[in-house]
Every structure is written in structure tokens, then in C-alpha cells.
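Right, I'll just put the structure down here and ask away after.
A, B and C label the chains in the order they appear, each numbered from 1.
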Amino acid sequence: MMEAVQIRHRHLLDLEDWSASEIESLWRTTDAMMEVMQRKVKKVPSLQGFTVATLFFENSTRTRLSFERAAKVQSAEVLNFAAGGSSLSKGESLKDTLRTIDAMQADLYIVRHVAAGTPYQLSRWTDASIVNAGDGRRAHPTQALLDGYTFRRCFEGFDGFRGKRLTIVGDVMHSRVARSNISLWTKLGAEVVLCGPRTLLPAELEQYSGVRRCFRLEEAIEGAHAVMALRMQRERMQGGLFPSLAEYQARYQVTTKMMERAHPHAIVMHPGPMNRDVEIEGVLADSERSVIEEQVAHGVPVRMAVLYSLLVGRGR
Amino acid sequence: MRQVIKNARIWGVTGLAEKADLYFREGVIEGMGLGGEVDRVWDAKGALLAPAFIDLQTHLCEPGFEVREGLESGLKAAVAGGFGTVVMMPDTDPILDDPAQVAQIQAKASALGFAKLCPAGALSRGMQGEQLSDMWALREAGVVMVTDGTKAVKDGHLFRRACEYAAEVGLLVQGGSLDASLCQGGVMHEGRVSERLGLPGQPAIAERLALFRDAEIARQTGARVHFGPITTEESLLLALWLRERGAPISIATTPHHLLLSDESMASFDPRYKVSPPLRPPADVKALRKALTDGLFDCLSTDHQPWTLAEKELDLLQAPSGIGGLETAWAVLYTSLVVPRLMELDVLLRAWTQGPAKVMGWPTPKLEEGSPATMVLLDLDQARPVEEKQLASKARLSPWEGQMLCGWPVATFVEGRCSFLREENGLSREGFLGH
Amino acid sequence: MGLRWKKRLMDEGEINRAVNRMAHEIIERSASLKDVVLVGVHTRGIPLAEHLSKLIHHYEGLEVPVGKLDITLYRDDLTEIGVQPIVRRTEVPVDIHGRELVLCDDVIYTGRTVRAALDALMDLGRPSLIRLAVLVDRGHRELPIQADYVGRAIQTSRSEVIKVHFHSTDGEEGVDLLESES
């Protein structure tokens, strides 16, 4: 068992510079937060006196709500700034936008943006902590943390990530969830198999050791301990990335039948929002193998642990 | 007015240890060590005197985008960087496709009296790629080159006709070095780094394919076609192969493509977003070797100014391009010549004789009868790049804070001192009364 | 700043006798022993609670449930401190509503830990009463809080530190007095 270590990051921009033991420590804090979320009165004073601001330049009600809940359960003040492109389309630079919001004196910003790297840019211009809530195709670290946490809790007989296999199916190219999960699972010693049409699986992702591509679903699922289906967006058809939903469903839909090839205890995950019967068979999503509901439930405690870890101990 | 620059090491004339005095009168060089009455004495204190640099790809943004740059700020930046002549790209607003407008810009530039301005005109009307511009009239107004920018003209047919026409007019054409349809949405070089960073990429073949089409059209039509930044090893090899087969093409690259790689994008700093994009280290290495081996005809800055507000956006929205006139020489000198990766001669030629040859201009020399368009370079003293001190309005540099040496200390354009770095080792008195 | 060992205040036998007495006091004072829940504060309140529970079972034949309480999230210095306390899981196995709680900790000093623990307990439910059991009371209270069951009261100075060792957490049992060297 790994020793719990102090988490000494000011920001959570992506998982690349987080060590395996820091992630394990964060998950232990998450265990404690799970207990809080199981209480009748879900409120602790741990972040009293801190102010957290959500800066969503790209809309996402569920992620924002999950973070907001995580902050409020810990008694933090929460400010919401839905940029939604409005002020930026008027020609305000990113830096000026931040300067305006900085006047509100938040201790931490939760940032979502369509462009990769924006949380990095912002972190250079403010003293506040930054949590990346999804930037372009790059990273969605809290999603990967909650996916990994879900596997840790829900995989029957869990004994660590080493030797486990995660299969991610779908539009990996545009997926920050996939990139963050690749980073997390390979760091912890698991293997990641990427599956989907060749147009959506960039070869360069094999630069991560422990990652391989596989273009046939039945091979990709063989022996997998966890299978994650990614949301398939219709817009991708216009870009010439795949021909039709029918063809996609026929070859890449994760089904109950297909799951028979996986490890007997294999779990099925989906980062949501789900297109039922497109990337995942509806029956499978409701089956015992599915941990999709648990993923959603783990969102808040994981984000509570992230906020706690970044805010407490930074001193004033 | 007769002037003399004393105690200069004169490139191509004296040895590096040997100092001489160069006399010039009314903008023309008279010769060395002549003696006699002079109106003004400049003491070079051992600095290197070379013909002033020539840039074939500068964006000056006036008229239309004066918040980014203007003739005054841009031409000041040019002389501060040691450039005596710049070729201005036609992507202004309105686009430079009208002879009257060309004349106007030239009049304004010569009244300002910094670097000499040579406008490039649009290849097609409004750079729309549909109808040829009036190339004869543009040439008569002073245009030295026609181009629709570095993105390849969409319609191959139009580019072919433009080349045929320009060949007859005797104008150099700047070809495309990016196939826009392959670059869709890409903000950096497509490869390992872009996948890791989750940024949409532009495939390297976009450059090669554009080059291939335009160079083949040059070969077929006999038009002289110049290619702005060539940035990958593969497209370099292709250009050499085409040239060997008789394509009348010339190629250049830029300081940033010679010194920075796509790894810089890991900082998510829009400063590094340029077009063509920064390439992987292997390409950078190949470009440097090609420059050393004399395979590039010249260097150009691709000085592309943007305001801070425009550049300080996210990486999808931020525009491509970076200013570079002021640092171009010093950064290459410091990074390549000082550590002995490249001969001083090679670098000087790439900024002087190289571009003159591409343009078909007389070879710049420090000899009797040549124009006194010269730069004094202090090869020893180091000074940091300070964005806030730049003469250009584009106060962003990839080299912010870096200590560079080789800085120009004085730039003469046709005998007139247009730039002088006063805090330097030059005798201050010599410049009084200017 | 280091810590210098000064002397052993209690050995294993003395601890056993003190805890034994506290167990008897708890049995005596509780209105209804079957309603008692012992709640230990992480880390060294837990072995004390477990020890008490074992003794009560020994004397009365009754299983008194033991809960574990982590008070980190309730500390009053989280916005100021420069280190990050590790949060542990709170595990109270029974509904505390209407129960008689005995909050257990190794040492009572300023009273701030107990204040945080009381807040934490209130968030878990509404007990009928809460009493406090500590192995060592070293004085210097900063809040109006007193222990109901005390193993030993010891006069200390503020520069001194009391260190309690239990088998389950430290491999041996005893109470030491240390002095900080500045």
C-alpha cells in the first residue's frame, strides 16, 4: 500500500506532472469525501473563507454543477462566470477577461475552454489556482480521476492498476477524456487500447508507452478490464471522419454481446452525455456491468478532493 | 555631404583584425583610407561594417491595420534590426493592387526616411484569387514582386496564368507554401507534439504539395517564383530537386524556423503560433544545415505584427505570425555564429547578397560607387531582448529576455544615418548635429 | 525546531490503570450503557476508544460500538496553514441520533480539536448528549471546554509537547514529555 503523500500542486492543469502516489492520495481524500456525501446533511466547513469561480468559456452545465456542488458542500463561496464566447467575441483578449474577473479575488478558477492550453495561459496571468475542467482536445483531468476512482471502487477484486487493460472506443482524436485517461491509466501501470475508425485514432497517441491502437472492436475488447465508450458526435460526419452513424454503430457500438469477450468482471464506462444505442447499446448501459451512474456519483467527491488539495495548505 | 566611418572592420574588404576608414559622399561610397576634408566623422570603434540587410517578406500593415504596425514603426524597426531595404507584403486594407496606392505608400516611406521600402503587389485583384492584378502598371509604380501571400492560390489555373503574365512583365512571383485545404483548423505542426497537446495540427505535406504545384508551374511558364518560408526537410529536398530540373525558383526560411521547434508550443504561448508552423527538431536541424551549405537563396523575417490584445487569445483564435525585424540578425548571430555552428560570412550573405540576387538587384558591396547603405554591427556586446523597448508596435518576441549579441549599432541608408544605438560603444560626439 | 525528549510521564501499566478507571466512570455515569457510542478522534483517540470499549465489554458484557472521527475538514485554520493535513475517512458505524456519545482523544490542550470534533459530530446527527474522555489533560485551554473523564492531568508549559504512544499506532505504549528546542 502506498503511503499518503502531500499534494503540492497549485494547479490541476492536466495529469502529466502528477505522480502515481499523489493520485492515490487524492483518491484517499476522495474516500473521506464520499463519506460526507453519504450523510444526511452534506456540508462541511473545510473551505469556509475560500472563493471559487467557475469560468466556463464553453458551456457544460453538468460539469459546472458538479464542481459547484463540490465547492458548496465544503462551504466555499462560488461565483459563476459563463463566458460562453460573449465578451470574447467582442474582441476582449483572454488576458483582459481574466483581469476583470481577478478583481473578484477568487482563490481558484475552474476553467473550461474550447482551445487546448487556455488553463495554462490563464495560470501565467493570475495568482489564483486553476483547475482545468476541460480544454479543447487536451485534458479533462477531473473526469479521468473520477473514471479511475470508479474503476478502483467498482472493479470486483480490485488489486491495483498494474496489468489491467482499459479499452477506449470511439472518437479518440477529439477527446480530452481519452487523453486524460491515457495519461492516468498508463501512469498507474495499466495498458490502454484505443479502438475506432482509423480517421479518429491518431497514430501519434502510441507515443505513450502502454498505448496501442486496434481497429477491430472484437480484438480491442478481448480481455479488457474496463471498456469506455466515447460520445460520437454527428458533426464529425461533415469533416469526412466517418461516413454514417449506421456504419459506425455496426462496427464500433459497445454491446452486451461484445462484452462477453472482455474480462468476466469487466466494467463499462461512459463519460456522458451518452447517445444511447449509438456508441453504446442501451441495454448494456443499464446492465450490471455498467458503472455509468457511479461515475456521475463520484464526480462530486473527486472534485471535492481536488479543491481541498489545491486550496488547503497553500497559505495566505 | 562627405562622411567617414573610422575604425571599422569592413566585411569582405579588410581582415577581421584590420580596421579601416570608409568614405562616402551623397549616399555613395567613395573608397577607403582616402583622407581629406569631411563633414562628419563616425567612430566605429572596431565594429563590423557590412552592407545593410534586405528583407523580402515584411508585413507593415499600413494602410488598414495601423494598430498593429505602420510604415513609420515598421521601417524604424527595420533599421533598428540593420535592414536597409524591406519588401512589404500587399496584405493591407485595401490590398496593395492599385498603382496609385503603391505610389502613395512609397512617397510616405521615403519622406519618413528610414529603411527603403519596396512594395510587393497583389498577384490577383484584392488577393481574391479570381482576376489578375494590373501587373504592368504595378511594376511601373514601383512594385518589385507580386504575391497573394504564403497560402497557395486556390485556383491552380489562375496561378499558372499569373506566372505567365508576370514572366512577361518581368516581375518576381512569390509562390505558396501551404495548401490551405489540408491545413483546416490546424494551429501547429501535426505530429507527436500536437497529439500530446491536443491541438489540431497541419500536416507537413501541406507545405510540400503547395510548393510542388507552384514550382512546377514556374518550370512550365518560366516565371521566376520565390518561396517564402520553406520549413521542412522534405520540402527543402523537393525544392532542390525541382531546381535541379530547371524550375526557376528561389527559397528562403526564417529565423524562427531555424531556431525554434514545435516543442515550443508546449508552453501554450501564442507567440509561437506562426505560419508555416514551427516544425520538429529534426527539420530545424536540416534547415540549419541547408543554410550552412548555401542551399537557401536567402533568409527573410516574415515580420508579421499583431497587437497584444490580438495575440493574447487562446491558441485556436490567436492569429499566426510574430514580429522579427529587430531581432532577426542578433538572434541568428548569437545562436549560430557565436557557438561556431555557422560562418559569419554565410549568415551575412543570407541577409545581403542572397536576397539581392533573388530580386535581381546589384550585389550589395562596400566598394567605390556602391550605395552607402550599410550596417555597423557590434559583435561583442550582449544585451537582452526587451519587448517593451521594440520600435515595432508588435511588442512580442519569442526571444524576450534572452541575452543576444551582434546587435546593429548604426544603420545607414544611402548615406543617411537612420538608426543609432547611442548607449553603445560608438563615439557619441560623432553623431551630434544629425 | 527539533524536539528533545524529557521524561516518560506514564508507562504501560499506568496507562492501563488510568483507562480502567475511566471505563468504570463511563459505566457508572451513563444513564443507559447500551446507548453509549465511543467515538475516537483520528489518530490516537481511536486506540483509546477501542481500549475503553474492550474494558466495558469485559466488565459489563456489552458491545459498545466504536466510531472513528476525522476532524480535518472542521479545523479552524485551513485558510491559513502552509501544510496540507491529510483527510481520513470518518466511520461511525451506527446512527448517533439519540445516543450517548463519548468523544475520545489522547490529549486535551487548547480545546480547538474538541471544538472541531463537536461540530463534526453534530453534522452526523443529533446525539442525546456528548461527553469527553482524554488520557491526558495538559491545560492551556483557549476555549471553554472541559473533559468529563481524564486519565491524568499534567502541568505543562507551552513549549512542551506531550506524545502518547499506543500499541496499534506506535508499536509500544507510554506517554512522553518532550520539549521543543528553538
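Here is the rule we go by: a contact is a pair of C-beta atoms (placed from the backbone, for glycine too) under 8 Å apart; a residue touches a chain by one contact, two chains touch by 3 or more.
Computed from a predicted model, the values in this text were never measured in an experiment.
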| item | value |
| --- | --- |
| Pairwise touch network: line, ring, star, complete, or other | line |
| Nearest-to-centre chain - CA centroid comparison | A |
| Most widely separated chain from chain C, with each centre as the mean of CA atoms | B |
| Chain B-chain C separation of Cα centroids, rounded to whole Å | 76 |
| Separation of mean Cα positions, chain C and chain A [Å, integer] | 40 |
| Distance from chain B to chain A - Cα centre to Cα centre, in angstrom | 45 |
| Complex interface listing, chain C residues touching chain A | 70, 72-75, 78-91, 119-120, 123-125 |
| Residues on chain B engaged by chain A in the complex (per definition of touch) | 191-192, 194-200, 267-270, 308-310, 312-317 |
| Contact footprint of chain B on chain A as seen in their complex | 57, 88, 91-96, 113-118, 120-121, 135-139, 176, 179, 202, 204-205, 207 |
| Touching residues (chain side chain A, partner chain C) in the complex | 4, 6-7, 25, 28-29, 31-33, 35-36, 39-41, 43-50, 74, 305, 308-309, 312-316 |
